[in-house]
Amino acid sequence: MPFEALNVGLIGAGRIGRVHAHNLTHFIPTADIGCVADERLGAAEECARENRIERAVADYRAVLDDPTVDAVMICSSTHTHARIIEEAAQAGKHIFCEKPIALSLPAIDAALAAVDRAGVKLQIGFNRRFDPNFSRVRDAIVGGEVGQPHLLHIISRDPSPPPIAYVKVSGGIFLDMTIHDFDMARFLIGAEVEEVYTAGGVMVDPAIGAAGDLDTALVVLKFANGVVGTIDNSRQATYGYDQRVEVFGSGGAIRTDNDYPNNALLSDAHSVRRDLPLHFFMERYTASFVNEINAFVDAIVNDRPAPVTGVDGRAPVVMGLAARRSYDEGRPVRLAEVEAQPTPRG
Amino acid sequence: MPFEALNVGLIGAGRIGRVHAHNLTHFIPTADIGCVADERLGAAEECARENRIERAVADYRAVLDDPTVDAVMICSSTHTHARIIEEAAQAGKHIFCEKPIALSLPAIDAALAAVDRAGVKLQIGFNRRFDPNFSRVRDAIVGGEVGQPHLLHIISRDPSPPPIAYVKVSGGIFLDMTIHDFDMARFLIGAEVEEVYTAGGVMVDPAIGAAGDLDTALVVLKFANGVVGTIDNSRQATYGYDQRVEVFGSGGAIRTDNDYPNNALLSDAHSVRRDLPLHFFMERYTASFVNEINAFVDAIVNDRPAPVTGVDGRAPVVMGLAARRSYDEGRPVRLAEVEAQPTPRG
Amino acid sequence: MPFEALNVGLIGAGRIGRVHAHNLTHFIPTADIGCVADERLGAAEECARENRIERAVADYRAVLDDPTVDAVMICSSTHTHARIIEEAAQAGKHIFCEKPIALSLPAIDAALAAVDRAGVKLQIGFNRRFDPNFSRVRDAIVGGEVGQPHLLHIISRDPSPPPIAYVKVSGGIFLDMTIHDFDMARFLIGAEVEEVYTAGGVMVDPAIGAAGDLDTALVVLKFANGVVGTIDNSRQATYGYDQRVEVFGSGGAIRTDNDYPNNALLSDAHSVRRDLPLHFFMERYTASFVNEINAFVDAIVNDRPAPVTGVDGRAPVVMGLAARRSYDEGRPVRLAEVEAQPTPRG
Amino acid sequence: MPFEALNVGLIGAGRIGRVHAHNLTHFIPTADIGCVADERLGAAEECARENRIERAVADYRAVLDDPTVDAVMICSSTHTHARIIEEAAQAGKHIFCEKPIALSLPAIDAALAAVDRAGVKLQIGFNRRFDPNFSRVRDAIVGGEVGQPHLLHIISRDPSPPPIAYVKVSGGIFLDMTIHDFDMARFLIGAEVEEVYTAGGVMVDPAIGAAGDLDTALVVLKFANGVVGTIDNSRQATYGYDQRVEVFGSGGAIRTDNDYPNNALLSDAHSVRRDLPLHFFMERYTASFVNEINAFVDAIVNDRPAPVTGVDGRAPVVMGLAARRSYDEGRPVRLAEVEAQPTPRG
């Protein structure tokens, strides 16, 4: 092993950055965080204190300039991802970057080109691939347990919508929320999507519509290998986070249910019932966040391919742009159209 | 009650006709079958013998001419439905007719006009409305248990495809198989569908494709009240008959599972498992067939509206024609288009 | 087949008698009821009318004297069972008798001796053996799916206690309610019980205790083949009828759940839940009542052994007497003790 | 808070000791391990290295002599527990001790007396109380969700028996395995057990019988408040670790299922199935081990009562001794008997 322990620089000490900091510190014996950066220096310092990180800085460039840093984790605001990827690649650092790389294809392509030139590893933070339920489904498909896949369904509903202020800068539901499901679709089926068709609307909160976005969406996916799939999104499920998939194939079907805080079943004079599912992604996807960082560190330390590549980061953005165009124009949209003529938003 | 016992004439003694004959004889104390007709006289006679029906004839007109017959059940071949409806209506008989009324809108419209003129009751055999699982979902929606519906999913997969000879005369998957799901969609949501979009293909058997049909379909439904839904159809699920629905709304969600021959759960060194679901519609929908005939008899005897009307029989045919056009042309199709210009097939 | 259709005489037109009458009339094509007797002649006549039975009488001896009657079903009060069995056997009729044969071993033994002398068939009404869930468990054991059985658990709870007047004449919880579970235990394990130990008490209603009975019981069973089992009884489960079993063995385990009126699962802001189980035995064991009569008719018509014999009717009474003695004396009681010295109650 | 961070000394660096070391180091910010002792010094050193513990020693007395140590965790062999508790109490250390305190009541009583004299806190390692499923059941009982408890069932089966060498020194199934279930019974019902009755035998491996032990046990518990319960134990469940409880009461019932590595449900031509449950206690009770240490640290730091006391550690040993006596003598045994005359084994 060429590394005693991988030295990771953390860029961004917000919610997800601190989750990664905790996991790296406590569960990944082969890596240490040597430095944490956040433009809000106080946040960086608090994160450093919590995780016994030696150095906290405001400017991420200090992380990139540190020759002892082997790899960076980019957990800053979305609009900074592409630029920092480019700079980190130029600095020769391996890169883990939260999704999405960017909301614009030229920005993504520039970032990926820089990574290619530098020959560093890049992993995108599609953590759900590392969830035990979904990885079991992927294993079933790869292992032939359901035969040749025919149909795919993804249900992905949030417990409640984000603040309107966030909705306005989020890139819209398809690039903010569905993007995880686009990745899940590609991951499970192992093929590219060629065409999408979107139905949906504003059913949860008119303010989301006023902000130019949808809150309820149904996206049909046509894959290159003939599989047809759907994604069902809502910004508000009263019963909490609803995250399920089903794959049907020539040999059978596999489906997952939600995860719950306990499995107790209560029967009384009214009903037979259980408690609500784990409320949101921090509870539901706890294990996946550890697993993805483990995979990232392993890819570097053992020089294996990153399990979620730059291409995997780009494709869902194309799908998101196509899904929005389909919704706006009320027709199926081929991804090739978006490649030929990205939207201004993109 | 104006009837001592309703005198029903059965037209068609094939598989479904005999199911109805058995149910009427054994479970519906307020009705009797006085006569059964089948162009294969032997079939009529066997049905009569099994159910202690006094009279068996080859020509259904003998049933219509019998002044003691109050109502007829039309269980003959699809291509005869519309004509017999017209004749039965002219004869002043109340009518139960298996789905579909016809594969052509003009034929349907002529039949419904005859029913209207005669003032008789007409009920269409969409038995799944009377299944305890689906009627529980409908009750939840009507009772506000899931709030305002937003999204609907129907899974409807057969255990194995019908013979190719049947496929060729079936009217295609949308009018033969999906038609039940189109009805279920309207029944559950309680609103009309305005537009459909179809994806799918030939994934099970190329011979089905060679016959001009699909075997795997995904239909998106846009309802007039804004609800968006999907129907998932396959002609072949290795694990048997797969019949489930899910409705998601502002207040929550409700979903059904399959029915099973038993609920035993076996754990051994390999897995935790149960037996396969009830294999096909005769096993799965047993109760629904009794319930629908009960409702038909009740509608006549107590002069209530039929619970599944001629309009309910017509709408799914329009949806089926639109779904096929959508598949052929690769675009969403509004039902109004089909009304304006029915396909030649129709 | 020596019988065109088996001619059955029904003795007792109370609740369970009428269930059998309906099932025989509508589901068993190989048998007819030629006569029904009930000391309340009106009840017999109403039953006859409902099921098109030609003859209704007050005195069951008229049934026994009818030479056209092949078999009788004894559904009268418990205290008449043993005597009518003897008389029916002497009259050469095959016999189906509701449980228990009697509450006293000498009475049972006299009845069984009469059956033996007459060489007629006798089947006892332990309908639960014919329930699809429990028969699936039995199949698993016979088929070796759980290996050699080690442990057995039976949960059997009623939705609410019977009237105190009934409790007083019922023979007590062990002979009235647990008797079904004693039979289930022998049926599933396929071996005899040698010793029982009972714990329990009066937890539901002090009036049951005042009547000399328990309402909550836990019975431990030691089988001759080494299996150890438990029976859990309560006279009152707020959520309805609770009927489950579990068998654990060297190769695995199998367990059953309750049956439900539908399988819809509702998620809202409070819980994920389903409707209560089927409320009581008429709903839960509907299929088993048809199946057991089918088996009885089949045993006679095809001259096969009755599937639930006189010995099967006697053994649970011994177990019930032993269970009560164990409870009274606070110690394990071997069944051989009861055989040697039946209680006065017995 | 009187402690900056609680300084914990770990005694015993075997399997469970290392689990606690990891959890204390990574999940309990309010505590640090300052020293680890194991008579196998290498084990102590390895544990220290893994968890960045400053000091590793062979003799636990060095931990007790360290004035900076606030509390100790006793994870050494069972036969050392009572003695180290006494010494730690004399040294003024708060104490967490793995179960059982000892296999003999006089030894336990001496240890508890020392704790009382010293006024330190003592918590026993019954981690299952802190499992989310079982704590949910306890909450339901405390919160009145099932009314007044009547019946309790605990299923507790291991995936495979321990080595015979271990069986011989384990104290027997009741003190080694059932002891957890005895504690669970007291925890859930919140009352003391007064009498036990044991059935069971050697069904898994004759060598266990040859070692004087059982491998399959059924224990009936009579609680002081009238509740009746059962514990079902097997040393070998082919499908893995089987850990479930059910409590039935006047208002309803609550039951738990096993935990699984994922919730994917696979349907194919053979069955509808899922993967086996989490295999053994390290996987199944992961969270409970963290939770119990959290509770221990919290009890000291915030001067609250320990949630599992010395009395809680003693009672299951009495129950285990009584259960064995009941098995040996084939009769119910009151716990008062054991108190009056402990077995030589005890």
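A few comments on the model shown:
Think of it as A, B, C and D in the order they're written, each chain with its own count starting at 1.
Everything that follows uses one rule, which is that contacts are C-beta pairs under 8 Å (C-beta built on N, C-alpha and C of every residue); 3 or more make two chains touch, one makes a residue touch a chain.
Since we're looking at a predicted model, the values are computed, not measured.
The chain with its Cα centroid farthest from the Cα centroid of chain D is B. Ranking A-B and B-D by contacting C-beta pairs places A-B first. We define each chain's centre as the mean of its Cα atoms; on that basis chain A and chain D are separated by 40 Å. Mean C-alpha position of chain B lies 59 Å from that of chain D. The geometric centre of chain A is 43 Å away from that of chain B, both derived from CA atoms. Multi-chain contact residues of chain C (touching two or more other chains): 237-239, 242, 251-253, 267-269, 275. Chain contact summary for the complex, chain C toward chain B: residues 25-27, 29, 50, 132-133, 135-137, 140, 145-146, 251-259, 261-269, 275. Here chain A touches chain C in the complex through residues 237-239, 242, 267-277, going by the rule given at the top. Looking at the complex, you find that chain D touches chain C at residues 147-148, 150-151, 153, 157, 197, 199-201, 203-204, 216, 218, 220, 222, 226, 228, 230, 232, 234, 236-239, 242, 248, 250-253, 330-332.
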